[in-house]
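Below: a set of structures, written as structure tokens.
In the two assemblies presented below, subunit A is common to both, partnered first by subunit B and then by subunit C.
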Partner chain A sequence: MGLFVDKYPDVAYEEKLRLWEEVKADERFPSYLYGCYECGICVAACPSARFYDFSPRKIAQAAAREDIELIYEQMNDDVWNCSQCFSCNRCPRQNSPGGLITILREVAVNNGLKSAQQALEGYSRIVYKIMGTGTQVSPDMLQPDAFPDWGPDVKRVSDELDLWRRALPPETLHTTKTGWHVSEQTLIELYLIWYNTGVMDMIANVDEGLNLILSDVMEEMLEEAGYDMDEYY
Partner chain B sequence: MAIPTAALERGRRFDRHAEAVQTEDYHDILDQLEADGELIVQRVPEPYIEVMTKYGRKKKIPTKYTWHHKSCGQCGHIPGYSTAIFWLARKLDLEYIDPIDQTSCTAWNYYASATSNAPAQAAVAHRNFAAAYETGYYPLIHCGTSYGHYKETREEIMHHSHLRHQVRDVLAKLGKPLVMPEEIVHYSEWIHALRHRIAEKQVRDFSNIATTVHPACHYYKLVQEDAIYDEEIYGGQRTATVTGVIQALGAEVRDYSTFYDCCGFGFRHILVSRDFTRSFATLRKIEIMKQEANPDVVISHDTGCVTTLDKSQYVTGVAHNANVGIPVMSDAQFAALAMGAHPYRVCQLHWHSTDNKPLLEKMGIDHEKAWAEFQQDLDDLKAGRKEYLTWEDAG
Partner chain C sequence: MASDNVLIVGGGPAGLEAARLLSDIGVKVTLVEKRPFLGGTPIAERYAALTHGFHDAETMMNGMIEAVTNNSLVDVRLNSSVTASEGEAGSFKVTLAQAGSGSSEVVEAGAVIIATGFQHFDPGRETQVYSYYEYPDVITIADAEGMLKDGHFRKPSNGEIPERVCFIQCVGSRDRQIGNEYCSKVCCGISSKQAIEVRKVSPETKVFIFYIDMRMYGYWENELYWPAQEKHRVQYVKGIVTEIVKKGDRLMIRGEDTTMGRPMEVPMDIVVLAVGMEASHGTRQMAQTFGVKQNKYHFIDVPHDALNPVATSVPGIFVAGAAAGPKDLDDSIGMAGTAAIKAAGLVRKMAMA
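Moving on to the complex of A and B:
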């Protein structure tokens, strides 16, 4: 039994253990955790710890002592607060709490945890952009309703977008829907990577609708290029 | 009052001896993997410049024949950043390729949403590396996160044979070999290595410009051993990139107490939880810089940092009356301005938010005249007299 009250008593211990075993099975796990001196250096360096009830030290400690119930709680309630800046890598024990969180998040997504689905609500547009177009953010995302806190200049950029993009000397940047011009063959290769590494299944686990939209876009282009998509089902 | 670093600047030295370093040398591992036929190592082309890294090892920085691995956020939201990098290469007569056979590293999304996995991330990295290798040009990484993430994937490829073979098999389906660059090189390292050549072409006096530096977390905290450190800069105790070029250009670098803190970008936070991003950027970075150093400009070397530190200032200033108002730009834009680049045609400062006009005036730039020239370009584009602004137009 762990040190803390189990916040998720309705989830069977065996299920929590299964998820933890999945975390430990990741090839990167052994190089991210060597124990914990409990010095708190990671917390002192952590930006998220200043603004959230979040502690990279607790993440490392729970993982080190295999506190299954606390790890499950962290996988649901904590990991999405991490900034993934890896300031915690200054750990004198050579741990990477940020790296552990990368794996914990991945397992949460892979298993379609509701908390992961909630954390990614509002984010699907970004996933679509990166997986479908090969660049993460595009000029046409700069809309005043999306970035009201960035000031009145956002509206100006948005109003003048096409003109201002044409006023860029590098030829690859004359785009509004992608960060730069990505060739069609390059996109095909990117799509093949997603299909060959299980990423499409991960998307289906957290957002079935997004998976369908992405599949439509990608399969059309791959089939036109002569790929037999039946191989992937 | 600025934090004193005089003891370091006076010449206090902490000697580094590469032979005594306890961490492994990735060069040896890559050479062995190449000898075993596991991968191809793309060698840094000559002429290169050698620099010192954290534990005293040497790192080769290519000067020309570079394949520019662009950055999503730079190209998408602050395109003067990428433009300035290309402009510097052109002005220094250094051949380069600006490829369309390049995808994002996709690491921003990975660190934000975890909707990917280690084999996919490594395959994306190595597809790009193979694309560069096919051209014979050497990858130069514009984004700090791409740079850090590619070093992470290098660790994984070197140490996990199962993953390595998985990635090799995926690349084979694309008709591409598994290629690893001998060094993973960030553009700010290229600027650092070339800083004295840049200074030779300086046409604007920056001796009255005070700066603060924000070093990018993913540059020097992720796989830290091959980030550049220089005994002449901060006594070798902090990463030397960015600071090195500012000092070479004669500007002042002022220290502040939260140098090590991140900017607050947060990957998912900048897109869907910006209250955190704004708070951190203002309270832990901009306000501290203002109080302790009062710089004319903040210089950084990564997409997310420049965006976060610049864009977060508007609302905290208006809504909370925070002590903000410092323009933010990249080392590439700063160096380009020193070399005479146009603030709007090249550095595209109209995409930035915080008022930079007082800075431009201090740099001796007539921003009203420059904007009128750029406005004329826009009028020409609008009227169809030209389709695009060209490098010739940019000057």
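Moving on to the complex of A and C:
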């Protein structure tokens, strides 16, 4: 615990237990954790483990042992080092450490943990773009100050982006000008899914400002399409 | 003059199975047992359920015992020991002494099967600090069998239901300091079986197994290890305990949690030592009496073990079961069949010569 106390607040054991019970109650949980051999396949396959002090095996092991203190540490720290690529799903026991992390993150977000808010801070603009437009971030949106999580080289790359892309050609050279827009009907359906499945509430838990500006965009379109947004509040 | 009789020493699983099979094919048997009863270690140590299969040990052993008692081809000698042997394959003359009576008798045998088994490692010889003889709540897997056979699992010190129980694997095995470099083969399976039984008799008890490697070959994996972990939520922790210290009513164990990479010190209510196998007193004695070679661990040496697991250094003398080294029951029974048919083949060949 000592290493982490300055990064996030310690809470009473009962609170840690409550968070853990919420994780265990998730209907996906039993199919994400059977038993662990400690074989290390998940760590060997994990790209994040090469760069961070991060071990999917420890996530599975802590969950199997129900080590409440350690799980609380992981929920506030380790889980945000995972790239959610699910390479760890090659586990011979069919565990999914990445799946456990999905649940741990959701519980962290749903309970408004400060560490979750901090971890997701850099993503507000990406989330805003993706959810607002209903489609992916496109390379021609890249600007030096747009997405802080893309790292310090983004300015150098963005200066000559077109040249880089032609030098290292991806399968297509898609931009916002080529088949990027989604139809209004698709967008409306996406907005409804996000409202109905609690995604908007999750966003409110970690970033109230983001929730407000997204809601403005979405509600306008939904109300124009004849949906009564009062149902959602 | 060749003898058509086969002498079997030891009335445990291997000896009983060899006797039963020989009588099935019409061969005469003298079955010598030092104890006043048949059944060997599973009966003497009061085993609960057999590993693997979870069948009741007493019921299963009684089935084997019935097959050789009241069997006209099997001459059962209880309370009896072999004190001398001379002769060679086809015509051994073996001296039997009956305890208490002072009488002895020479029995002829064309072949001999030694099935004198193992004894559990004495935890008093352990080089880690487990204090088995000091703390009543430190027990062995053999002690645990007896408790489970009686249908309970309580702290020997005060009769309370334990909150936390742990097994420590490889006690007396895989240890150069003790001189037993070998793996005892069965303790991983037995501990996992007992862990399941503890969880069944006392579902509120948390059960941990501290191990170096879990050696759960073949179907022990899916029959014992996975169910223990996945269905009965037994916690397997890689790392061995080096010290047990009494703290109030409880036991504090010290070891390394190698998975998490940190030392651990946690309380337990009962610690079960997974003691391994050593050559039994009878096995050591019979090796000397029959002049068969022993290996450095005092088990009976098997010169060509991969394709002939029942041969000894003396022609006409065969070995079956844990007298030849650590064996599970499946192996012991399999060896008994091989030894029986080799012994039968030998006495028949001699009779025809």
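Operating definition for what follows: the second predicted complex is superposed on the first by the 186 of 233 C-alpha atoms of A that agree within 3 Å, B and C clash if a C-alpha of one lies under 4 Å from a C-alpha of the other, contacts with A are read in each partner's own complex, and residues count from 1 in each chain.
One rule holds in what follows: contacts are C-beta pairs under 8 Å (C-beta built on N, C-alpha and C of every residue); 3 or more make two chains touch, one makes a residue touch a chain.
From a predicted model like this one, the values you see are computed outputs, not experimental measurements.
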>> Going by the contact rule set out at the top, does A:Q61 touch subunit B (first), subunit C (second), both, or neither?
In response: second
> Which partner does A:Y34 reach: the first (subunit B), the second (subunit C), both, or neither?
Replying inline: second
> Of the partners subunit B and subunit C, which touch A:S138 in the superposed model: first, second, both, neither?
Replying inline: first
> Is A:L70 in contact with subunit B, with subunit C, with both, or with neither (first, second, both, neither)?
Replying inline: second
>> Output check: A:N89 vs subunit B and subunit C. Expected answer is one of first, second, both, neither. What do you get?
In response: first
>> Quick one: is A:D10 in contact with subunit B, with subunit C, with both, or with neither? Answer first, second, both or neither.
In response: neither
>> For A:W80, using the defined touch cut-off, is the partner it touches subunit B, subunit C, both, or neither? Pick first, second, both or neither.
In response: first
> After lining up the shared chain so the two structures overlap, which partner does A:D228 touch, if you call subunit B first and subunit C second: first, second, both or neither?
Replying inline: neither
>> Looking at the complex, which residues from subunit B come into contact with subunit A?
In response: 70-77, 79, 82-83, 86-87, 98-104, 106, 108-120, 123-124, 127, 131, 148, 155-156, 159-160, 162-163, 166, 170, 173-174, 176, 217-218, 221-222, 224, 260-262, 264-269, 271-272, 274, 276, 278-280, 284, 311-312, 314-315, 318, 345-346, 348, 350-351, 353, 374, 377-378, 381-382, 387-391, 393-394
> What part of subunit A is in contact with subunit B in the complex they form?
Replying inline: 26-28, 31, 45, 47-48, 50-52, 80, 83-87, 89-90, 102, 105-106, 108-110, 116, 119-120, 122-123, 126-127, 130-131, 134-139, 141-142, 147, 149-151, 153, 157, 160, 163-174, 178-183, 185-187, 189-190, 192-194, 196-199, 202-203, 206
> Any idea which subunit A residues touch subunit C in the complex?
Replying inline: 34-38, 57-58, 61-62, 64-65, 70, 93
> In their complex, what parts of subunit C are in touch with subunit A?
Replying inline: 214, 226, 229-230, 235-238, 259-260
